[in-house]
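Read from first to last, the chains carry the letters A, B, C and D; within each, the first residue is number 1.
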Amino acid sequence: MNENDEMLAIILAGGQGSRLGKLTKSTAKPAIPFGGRYRIIDFTLSNCANSGIDTVGVITQYQPLELNAHIGNGSSWGLDDQNGGVTVLQPFSSTEGEKFFEGTAHAIYQNIEYIDQQNPEYLLVLSGDHIYKMDYRKMLEYHKAKKASLTVGVIPVTTEEAKRFGMMNTDETDRIIEFEEKPEHPKSNKASMGIYIFNWPTLRNYLTTSFSTNKKLEDFGKNVIPMYLANNESTYAYSFEGYWRDVGTIHSLWQANMEFLSPHNSLNIGDHNWRINSKAQVLPPMFLTNTSNVNNSMIVDSCYVSGEIDHSILSQRVSVGSGSKVVDSMIMPGATIGKNAVVDHALIGEEAVIGDDAVVKGTTDDIAVVGYGEVLGVKKS
Amino acid sequence: MKHNTVSAIINLVEPWESLEPLTTERPVGTLPFGGRYRLIDFPLSSIANAGIRNVMITSPRSGRSVSDHLRSGNDWNLDTIRGGLFNFPYNDLSLVSPEKRDNLIHHYYDNTILFLKRSNSEYSVIMGTRNICNIDLSALLRYHQERDNPVTTVYKSIEADDIEPDTTVLQVTDNGMATAIVPASNTNVSPTDNGKLAKSLNIYLMSTVDLIDILKEANMRGDLISLERLMLQAVIQHNANAFEYTGFYANIHDIKSYYDASMSVLSEDNFRALFYSQRRIYTKVKNEIPTFFAKSSQVKGSLCGTGGYIEGKIDHSVIFRNVFINRNTEIADSVIMQGTRIGAGTTIENAVIDKNVVIGPNLKLKGTPDNPLVIGKGKRIFRQTEVTND
Amino acid sequence: MNENDEMLAIILAGGQGSRLGKLTKSTAKPAIPFGGRYRIIDFTLSNCANSGIDTVGVITQYQPLELNAHIGNGSSWGLDDQNGGVTVLQPFSSTEGEKFFEGTAHAIYQNIEYIDQQNPEYLLVLSGDHIYKMDYRKMLEYHKAKKASLTVGVIPVTTEEAKRFGMMNTDETDRIIEFEEKPEHPKSNKASMGIYIFNWPTLRNYLTTSFSTNKKLEDFGKNVIPMYLANNESTYAYSFEGYWRDVGTIHSLWQANMEFLSPHNSLNIGDHNWRINSKAQVLPPMFLTNTSNVNNSMIVDSCYVSGEIDHSILSQRVSVGSGSKVVDSMIMPGATIGKNAVVDHALIGEEAVIGDDAVVKGTTDDIAVVGYGEVLGVKKS
Amino acid sequence: MKHNTVSAIINLVEPWESLEPLTTERPVGTLPFGGRYRLIDFPLSSIANAGIRNVMITSPRSGRSVSDHLRSGNDWNLDTIRGGLFNFPYNDLSLVSPEKRDNLIHHYYDNTILFLKRSNSEYSVIMGTRNICNIDLSALLRYHQERDNPVTTVYKSIEADDIEPDTTVLQVTDNGMATAIVPASNTNVSPTDNGKLAKSLNIYLMSTVDLIDILKEANMRGDLISLERLMLQAVIQHNANAFEYTGFYANIHDIKSYYDASMSVLSEDNFRALFYSQRRIYTKVKNEIPTFFAKSSQVKGSLCGTGGYIEGKIDHSVIFRNVFINRNTEIADSVIMQGTRIGAGTTIENAVIDKNVVIGPNLKLKGTPDNPLVIGKGKRIFRQTEVTND
């Protein structure tokens, strides 16, 4: 880290994201394309860079090839500082054996050597699979002002939603007094965003003690927060008010893409003061032929459109043949849609091929999914 | 000297007067083209695709547009320790005052010679930017190595009827050697049996040692002539192998030729030939958001860059990055460059609108295919009287 | 890879190198410092770059942190090509489970997805732990001229040495007819350098077939070469004549460093046409005080020398106090030697501390080793 | 505009005449110093260490040495997408012919203003290169923010007796404000009670908005004066906070001061103060092999760069990278720059030998501490008569 830096960010990008079904069969969830030009982890990486954080460790484990190639040396986000930058942390072996990561906190523990090298005062732990814009500096200021040992980012949710989240019950000073995982009867509306600021020496002490005594703190939600509360560590909730989406399911991923399409989306992707960057690629401009018809849609570089696109997102290198109709869908990079096909309420994976006259039709409640490289309805010649 | 390695020189000192106002503030080489490129991207990409890593750019003036676009050369793979991009400005001799020429004589070729020596390369290729092509320089090198002449130059076969009299063609012998490069109007040059002429692409390949000799001799003679003229002399003096290029080609020498070249890329065949060959075209990387097409938009037969917001009707046009087209506009057969905004209800036809222009609402901008209307960079137009339509 | 490239290099850098004892407790063998300014893997990486290879995969597994930080994005070797460059390949998990690497060939098999993406015609397999300079282009030309399926780099060794190597017995056309691992009675002098060029489609086929049928080709020497010979694949030996050292033991590592000191070493480190590059670091110049006395030695940036250095190598940031004597030794980066100490016939690990008056004394047959960060003979105050 | 961000301008248009021949082919800013650095590395490192990412360099001439050294700025962390290094050559007004000045007036400040606007920074710092120091610019910013004056400038307290009459000092009021920067010989400036003067370090910090105003006003007045003089005017017009710098300091204004500064770094305290503070000094990265010290070598009290081959005797000297010192040579109290070779049996004393010099065998090169012998870049000396010893 640079001499003036006091906070190291660790992005947990190792999860399989099995609720995304076929989409994460051959890639990690944070590498899933979003919004035509992005991958999910771009939001977290850009937030780090925009928050002035120079040193970021990305912990990966599951199918990391695409994610690692995407992250590269971090230069796409300005995270290629000589004294910092992005480091990808993957399982390895040592004289103590093979080090796979069993849970969020365990992943931190297994990479303690890297964190010690950076020697941070504060450790910012982030997920790689949320869509939001957030200035982590403000959260750090809050953490310092509260003299907290741990600060947890929280977002208000409805009572109904609260049943699916880890909920933080706080006193009037915002100190967390109770943590409930997916409560049947929520006592607060503060859902954990999976964003934590720890005083690193304290967390380090808890982790090393627990793993040397077999009381393993494997997961932040399940183990670490309860232990912090039990030990009366000063633990505070930091409320975030902006746009935030967990895109961990097919439906939420589709939903967030459709929200992204709205020019009035409060995510405000066009804001020049908080750019979301992605891996830079040079591709030819999009080509719209004489038979194309595009409405309420987003299209990017190197798309070829001969058909009708309605309220949909086409990612890079997508091709849609004449007579085809794409409605309320998100098409991932490199997918090819033939002629006179119908794609409706669908997520189409990277490099998928939809043949002429094929129909992929989902509903709002049951989004159709075509997997990466899947070939559908192509007639054999 | 390493076996088979090639260094490249891109000469940006090219005639620009007939392209005004598009070239008032930039050399021809940084003229935007094809929705997101600049002309220099085409030779630079050919160079990158051939694995050439040592490149020198000779710029006419200080040219902020050149260094802004090229930066470290990273976008063309040119900033590794195995080579580099060297930008030498102030090579336009017409700008040197007569009393300073004497002092300059012994310095003028020094940068180039030093670059060539440091490059440690066996061959050098010299290119301009006003002939758009996507050439395989590895094939050119192989062609050169298989033949005896010290210089190889490149041409495109063009119908004699299609050629403009002020462009240059190779004078080719029966055994395929170029003995001179002359204006097409030159009476010594006659079309081949099938009525074609060999249009010069202004690309020259030779051994680096020979090129250094040519530069040193010019230096000793005290000639302050341009690199391009030096190459023409080399062809006359040494004879040259004539290599035929067969891919997409366009020559940019005035407003109409720029406009025609832009429109020609809207043909799907040309678009694919230029941009989807095995040899990719690289340019400066930009992180733009997707282009949004509103419900009211109607876009047909057009190229669009990213970052745009389109509400109006666009037909057969090239739209660059970050363009804002308001509702009820009608744009046809036009080029709209980066950052330009078109007001609601405005009609634009056969026009070239440069970067960062603002056109107000309910105006009519109309050129003709033979005489396209041009609006210069950064102009703000809010009254019909500010435009002279054809 | 770039469109003109036909060969992908894979460097196997995953081994623990347990014969290097304490030196590889916390780092991988290829990351061990060599010759004052280098790490062992620099030689292989530089050979790749100098041979015009643009795309290199480095397979790591054991304590990779230092190695990965050293490799970075490959720019130190010019291996940061946009269409290629260095990719570090580390264990990961997939829907098929966790992918640790069980042997050299198995490591290739586990990374088949990466190799397929590069789509090479030829696969160059290298070790990350040899000191040599070699133009792999010439070996590829030989491989093509022989129309070989596999070419193995070999080096002439004495009959005595042959008993410790994998030996290739060839016919008069250099075709390999027999492979013997550490033969009691060597029939040839051609020792395998652990350098292989494979026709990738053929190797891919062997690997996928073997791992799907449980006849596992885990190791190149033990399994793959014997199977190639058994199946009558055309397998040739390519003889290399230059300087080559396996630095896999304490003694050979010390020996190669001592050879490196000789201005007449045939490795010719100063040759500008075949530069060995290393990670670039900016450090102040070396400072030799009034009491220093340096002979027959190599010293680099940021060393501070007050003592006597005789026939030794000091790496970056090494400090030797007044009255101390360093003889026939190699001191790794950041080690500190106090006053009036003696270091003789020794390898001193990174960041080790040798206290005042301490004595570290080995012999030619038994080189003394001080581990990374080890503190020796520092009196408590 | 982002909170607390700073952009920086390094001005390489500095007086160079008294440093000839060392400055014949380079600006003062690229003078080698301290065994492997150039003077510009010190301000650039202060900038990098303060996390500043937008830097503009104003160079006097084309200056291959400047762009060769800086390249993309990567060595100082300046080529990320969060900022960049902008090199604008041709800022030496003395080189502009009088008839072109009128045309230049409206362009002269344009590059700087454009850079400042694009940097989007709240503050700007302006530095030269001839005052070597390792300053904490974050501390300077805090000092500025805590005070009311629009400009903050920097000084080093120096014994009045040690100061040379032609250097500049701050005229400081009792409450610590600088009201002017004047030659030390100025009669209005008297030493403080403890006999010290406030030597100006030629560093200025102010809000970017104010700096743009200063540049615009100068533009409107038609003043073609240098950035350095503009800063002196700003101090007089606005008053300035005077910030005291207490670390290692040396001023380079002629051969003797360059020689003295080089020798002063050979004191271990100075060496550590300059190079081993928390704030590292960055420079262009070079991949050199280790320096080999042969059996016959005897090196005492000296700095050495890498890539060298030392057979001779060296005492109290600064030896740069890639220097070859043959057997039986004796070098004392001297500076030997990169790539230079000294022949066997040659004696060198109180000398400064520039880059890539070759000194033959059995020669005697001898200056004095007050008048060091200087051998210019690339010279080849094989006869004693070619050297004028003191």
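By definition in this document, a residue touches a chain if its C-beta (ideal position, glycine included) is under 8 Å from a C-beta of that chain, and two chains touch if they have at least 3 such contacts.
Note that the structure is predicted; figures quoted are calculated from it, not measured.
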Contact-richer chain pair (by C-beta pairs counted) among C-D and B-C: C-D
Furthest chain, CA centroid comparison against chain D: A
Averaged-CA centre spacing for the pair chain D and chain C, given as whole angstrom: 42
Geometric centre distance via CA averages, chain D-chain A, whole Å: 47
Interface hub residues of chain B, defined as touching at least two other chains: 74
Multi-partner residues of chain C (each touching 2 or more other chains): 76, 80, 277
Chain A-facing residues of chain C, complex: 16, 25-26, 60-65, 68-69, 72-73, 80, 87-88, 90-95, 98, 100, 113-114, 117
Of chain C, residues touching chain B in the complex: 2-4, 49, 75-83, 273, 277
Residues of chain A that touch chain B when the two form their complex: 35-37, 76, 263, 269-270, 275, 277-278, 280-282, 284-301, 309, 313
In the complex with chain B, residue positions of chain D that touch it: 62, 64, 71-72, 74, 79, 84, 88-90, 97, 111
Chain A partner contacts - residues on chain D that touch it in the complex: 49, 51, 74, 77, 80-82, 138, 278-279
